[in-house]
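The letters A, B, C, D and E name the chains in turn, as written, and every chain counts its residues from 1.
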Amino acid sequence: MIGRLAYGLAGLGGLLALLEAVPRLGLVDERFLPPASTVLGTLAGQLVTPELWIALGETMRGWALGLAIAFGAAVVAGVVIGITPGLRDLTGSTVEFLRPIPSVALVPLATLLFGPSLGSTLLLVVYAAFWQVLIQVLYGVAAVDAVAFDTARSYGLSAWSRVRHLVWPTALPYVMTGLRLAAAVAFILAVTAELVIGSPGLGAEIQVAQSSGAVSTVYALIVLAGLVGIGVNAAVRLLERRVLAWHPAVRSEVAA
Amino acid sequence: MLEISSLNKVYESPGRRVEAIGSITFDVGAGELVCVVGPSGCGKTTLLRCVAGLLPAGGGEVRLDGVPVTGPPPRMAVVFQEYGRSLFPWMTVRQNVELPLKEKRVPTERRRDLVAGSLEAVGLGDAADAHPWQLSGGMQQRVAIARAVAYEPQVLLMDEPFAAVDAQTRADLEDLILRLWRDLGVTTLFVTHDIDEAVYLGQRVVVLSSSPTTVIEDLKIDLPPERDQLTTRSLPRFGELRGHVYRQIQRARGER
Amino acid sequence: MFSGSSFYLPGPADVGRAFADTWFSGRLVEDVLPSLGRLLAGYAVAGLLGVGLGVPIGLSSRLRATLEPVLEFFRAIPPPVLVPLIMLLAGIDTPMKVLVIVSGCVWPILLNTVEGVRALDEVLADTCRMYGVRGASRMRRFVLRGASPQIMAGLRQALSIGIILMVISEMFASSSGLGFTIVLFQRQFQIAEMWSGILLLGLLGLGLSVLFRRLERRVLAWYYGSGAARA
Amino acid sequence: TGKAPGGKDRINAGVIAIVDTAPIHLGKAKGFFDEQNIDLTITPVQGGAAAVSGAVSGQFQFAFANTTSLLTAKQQGLDVKVVANGVSSTGEQGKDFSAVLVKPDSPIRAAKDLAGKKISVNQLKNIGDTTVRASVRNAGGDPTGIEFVELPFPDAPAALQGGRVDAIWVVEPFVSQAMSQGARAVSWNFADAAPDLTVAMYFTTGKTDPDLTRRFAAAMGKSLEYADTHSDEVRQVLKTYTKIAPEVIAKINLPKWPVAVNKASVQTIADLAVADGVLKEKVDVSALVP
Amino acid sequence: MLEISSLNKVYESPGRRVEAIGSITFDVGAGELVCVVGPSGCGKTTLLRCVAGLLPAGGGEVRLDGVPVTGPPPRMAVVFQEYGRSLFPWMTVRQNVELPLKEKRVPTERRRDLVAGSLEAVGLGDAADAHPWQLSGGMQQRVAIARAVAYEPQVLLMDEPFAAVDAQTRADLEDLILRLWRDLGVTTLFVTHDIDEAVYLGQRVVVLSSSPTTVIEDLKIDLPPERDQLTTRSLPRFGELRGHVYRQIQRARGER
């Protein structure tokens, strides 16, 4: 664990060094991409202002709520579609039709229904994150081993038991990937919704900073977004190590 | 009890057509123990899967208590040839054995006894908390047997259940199955490669030809009902029956 | 006058009419084809990048520990705010737009590849080691094939994300393209036309996914046949 | 809407967080809206389209959008009506809040030279390209060959610097910022397009109560007048709702905030827009601006 | 040729510690065929994996031609107990058998002969174009054997390679291995449960105790080198050796 942390920090250190060097060496203009040290300085300055924390709090609230709704709905829908014979083919085209519709295109609908409020953010976040989880769940449900499935059938496991004891554990690695994908997408959409609709939050802060030409602040806020991403991923990974301890991938990791 | 009449099964896939079962007809009386032997690839597993209702028959039918089998009947236990894949890797050995009992709503107390008893019987009393992938091949196979035994089925289907265990363990397990069959009157269909085993265990031995498979002999084993590893196997009649089955299988293979 | 909601949610007939008027008049060639071209280019690059990076990261737990935070960092940055940075590096023309598409598509492919490679069957891995199957042959015959169910899941995800990113990329420095046209319709309050564009996006997604499904059925025939999967 | 404690009308205004909208922020701070029994909430929006859709759908009672966006909305049959002036050009060359900039070493010396060049605007088919074309036309150039590309204002200076475009159209604070970094102005397009050009306006929809509209207009008028005459306070209020660096705020060219809409300039924009194909047909300006 | 000295292996995982191998010492001369028997779960597979260089030993060492084994040595073939999982499901039977030969850069012509010959030898000549999952368990196991045979290894490790085939096929395969061993001088380590098989095949039989595992007997099989299913098995000495090994295994199990 400590080892992993050290490697991770080394990786981030490398990124920082690169971001410091690129502007310093004049590869891109410093005015448009300030060196990492400047950006981190600005971020430090921002971090002491309460406004930033309030904005971050707003964003995280929309994120967490939206992610929870999307995840729950997608898991239920995915499992039902996945295990019900024929339903997958029946719903396939609808899913494929709706999926590529950009959340951004739903902005008019969102503002129409909810205005610049949490509701709009939620609509966009849920819409975008839902598909990510759904597709993963569908692939995960399809991965159930035939012999294991026959075992469950022959011992008379009920539909619910089959889902709980067989389908769900099999799909779990896929679902975890889905959760990681959706967590990022939900966060991105939470920020984008604020950017576009103007509901308060980190995105609105970025939007204001952009239209004010405050380059270093923009990058500071982007870095903050990235850091949140790292944190969220670390949390999901931790969860994964608990719930997937039996899985070959996690098993070998723990042993190594 | 179990009637298999003119059962036929063809596997078809692009570029390959295998008539796994030509036409099989025989039946198993209530509380009878019938062994099935036949050359490798002759369709024994296929037969078992049709009987278990896991695979739709191509032609003919399987009836259990006079009712055509269309899906897995209740109170039936199966030990699969692919024992490794039939255990759930995310559960411990105990949980694997316990799951069908929970499904059957066996009271906790009784469940605990059944699980402990059956694990003890297959010699895995101290591996109850291990996961299947921490066990040797033979141990995994014994878990699958323990699961079937604990389930107290009315019909028991076993597909080469002792293939991965040593001679001594095998003898113990044979006696376990005999005990179970005698005490609970479990109707048992037992697929094996070991002719000695078939003669030792079975009240009847069904010999299958190589594919397209038919029954080439349905042999009544007229040994005394009380069987014992030492005395039964040293009876002259045992040797005769064994030799007879051996020659039949020779014939079965020669015919292909 | 119009009430708000009926204005923004025109009936199917209006959208249908707008669809015919808008897209069957040369726009299909002028706006949709270049967009589609960029989409496919970005998707292809993302596929190569995602699988190309995902395999080594999946195989080496050290590499994974080192790179994961960096990748997660970039993954959490919304593409719309990443665009200015991409413009700095790649200009404002086609390469920028392709890069924007790549920047979004690559993640599901990368993550799924990494997880797929991590979950490769141990007995098969041992078999490769025993029989001296290594290097490129091991990649091609074992790693990529073994991880392909999950890689396909990633590619599937990426397809629709690519379409979304195609729209976003055309919100910057554009003067044509399907995404740009939709945004322009929205800004010009040509709402029926806007919905017709969204409809076209959906149809596009549907069409591409049908093609994808065909491909997948071929690539994963062994997987769906083998009982390693049940679907 | 609704009544706030104390019987005030609670309203929500959708307004972009840029220099142009300083008066409403200043007026709110000064209490001009309270005087009219209005409890004002300012919601930042991203642009004209979002403001219009927010207003039409009833989320905003009042909102801010530029002249071309409003003309387009009107032409599409949306029920928008101007209630107050928003922001106007200073009309002075070299001292306006909008300009077309080129690199210091660019061969483009004047507006005329922009003909046939690649110019960035924040949104195509909007006020930017219309006024830039007008500026080029007025200077004797041929605007038909100009290639416009969309670039958000904040990203335009970098694109100019990187040689991705020949010229950029930006507004404050990017004008001052880019010029302090060496960019050169070749056209003051708002000043060129029409005298005292009304660039943007506050508007409402038919759903809003006429009395409320009247009171909002009164408060807005007072705010505009105050902002126009108290530039120091404007620069102060900019620090509250934007993130423009203080040293830039001190330098930027402020626009003008006359109380009255210059209907003639709106008509000019409408006509230019029709000529450029931005609008499909001639718009009756008096239906939009009563 | 192959020296195993004081080999020890402990599996450790949270909450479970298994000393799979206590201390094993024996060696296999060049061109020798040694059979290993022992109760289920005693560590035979673990031993084989250590010898193959797939699993690092806990203590002691394995040497091949005097060189310590740290990874899989070249020209060694293994037939895994988990035969099903050791075949590539995306390849046909032929491709599976051919793959190692391709890696060894065997010329096309010769490769084709080797593949066809080995498939024929295991009785799968007509299943070459099927995928492994279209085969029965015994057929799959035979594919794994054919792959090892076609590889023409110097050292051959087999882990219960005939567990899933019928008696007659088993006899044929036994003779195949004997032929291979005799003609090519392949050094062979053969794990089996079948005592008859061990005595029939081996020049020596190593009997392992149950875990923590040690060698309880290293028995030289003093039967004539030319073996034959009928005559060899009916030699009185065969019966004696068989009985001796049987008693040893009894002892091994009794000790646990």
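Remarks
Note that in this section a residue touches a chain if its C-beta (ideal position, glycine included) is under 8 Å from a C-beta of that chain, and two chains touch if they have at least 3 such contacts.
Being a predicted model, the structure only gives us computed values, none of them experimental.
Shared contact partners of subunit B and subunit C, listed by label: A, E. The chain with its CA mean position farthest from that of subunit B is D.
The interface carrying the most C-beta pairs in contact is the one between chains A-C.
Our note on geometry: subunit B versus subunit D, Cα centroid distance of 83 Å, whole angstroms. If each chain is reduced to the centroid of its CA atoms, subunit A and subunit B end up 48 Å from each other.
Of all residues in subunit B, those that touch two or more other chains are 13, 82, 85. Touching of two or more other chains is recorded for residues 4-5, 8, 84, 88, 121, 171, 186, 191, 225-228 of subunit C.
Listed for subunit A are residues 29, 32, 107-108, 112, 145, 147, 195, 210, 218, 247-248, each touching two or more other chains. Remark: subunit E residues 49, 52-54, 71-72, 74, 76-78, 80, 82, 85-86, 88-91, 99-100, 102-104, 131-134, 147, 151 touch subunit C in the complex. Across the complex, subunit B is touched by residues 145, 147-148, 150-151, 153-158, 161, 165-166, 169, 246-248, 251 of subunit A.
Of all the residues in subunit A, the ones that touch subunit D in their complex are 29, 31-32, 107-108, 111-112, 115-116, 195-198, 204, 207-215, 217-218. Per the touch definition, subunit C reaches subunit A in the complex via residues 4-5, 8-9, 61-62, 65-70, 72-82, 84-85, 88-89, 107-108, 111-112, 115, 118-122, 149-150, 152-153, 156-157, 159-160, 163-164, 167-168, 171, 179, 182, 186, 191, 194, 198, 201-206, 208-210, 213, 224, 226-231.
Of all the residues in subunit E, the ones that touch subunit B in their complex are 11, 13, 15-16, 18, 37-41, 43-45, 81-82, 84-85, 129-130, 134-139, 142, 160, 163-170, 193-195, 246, 249-250, 253.
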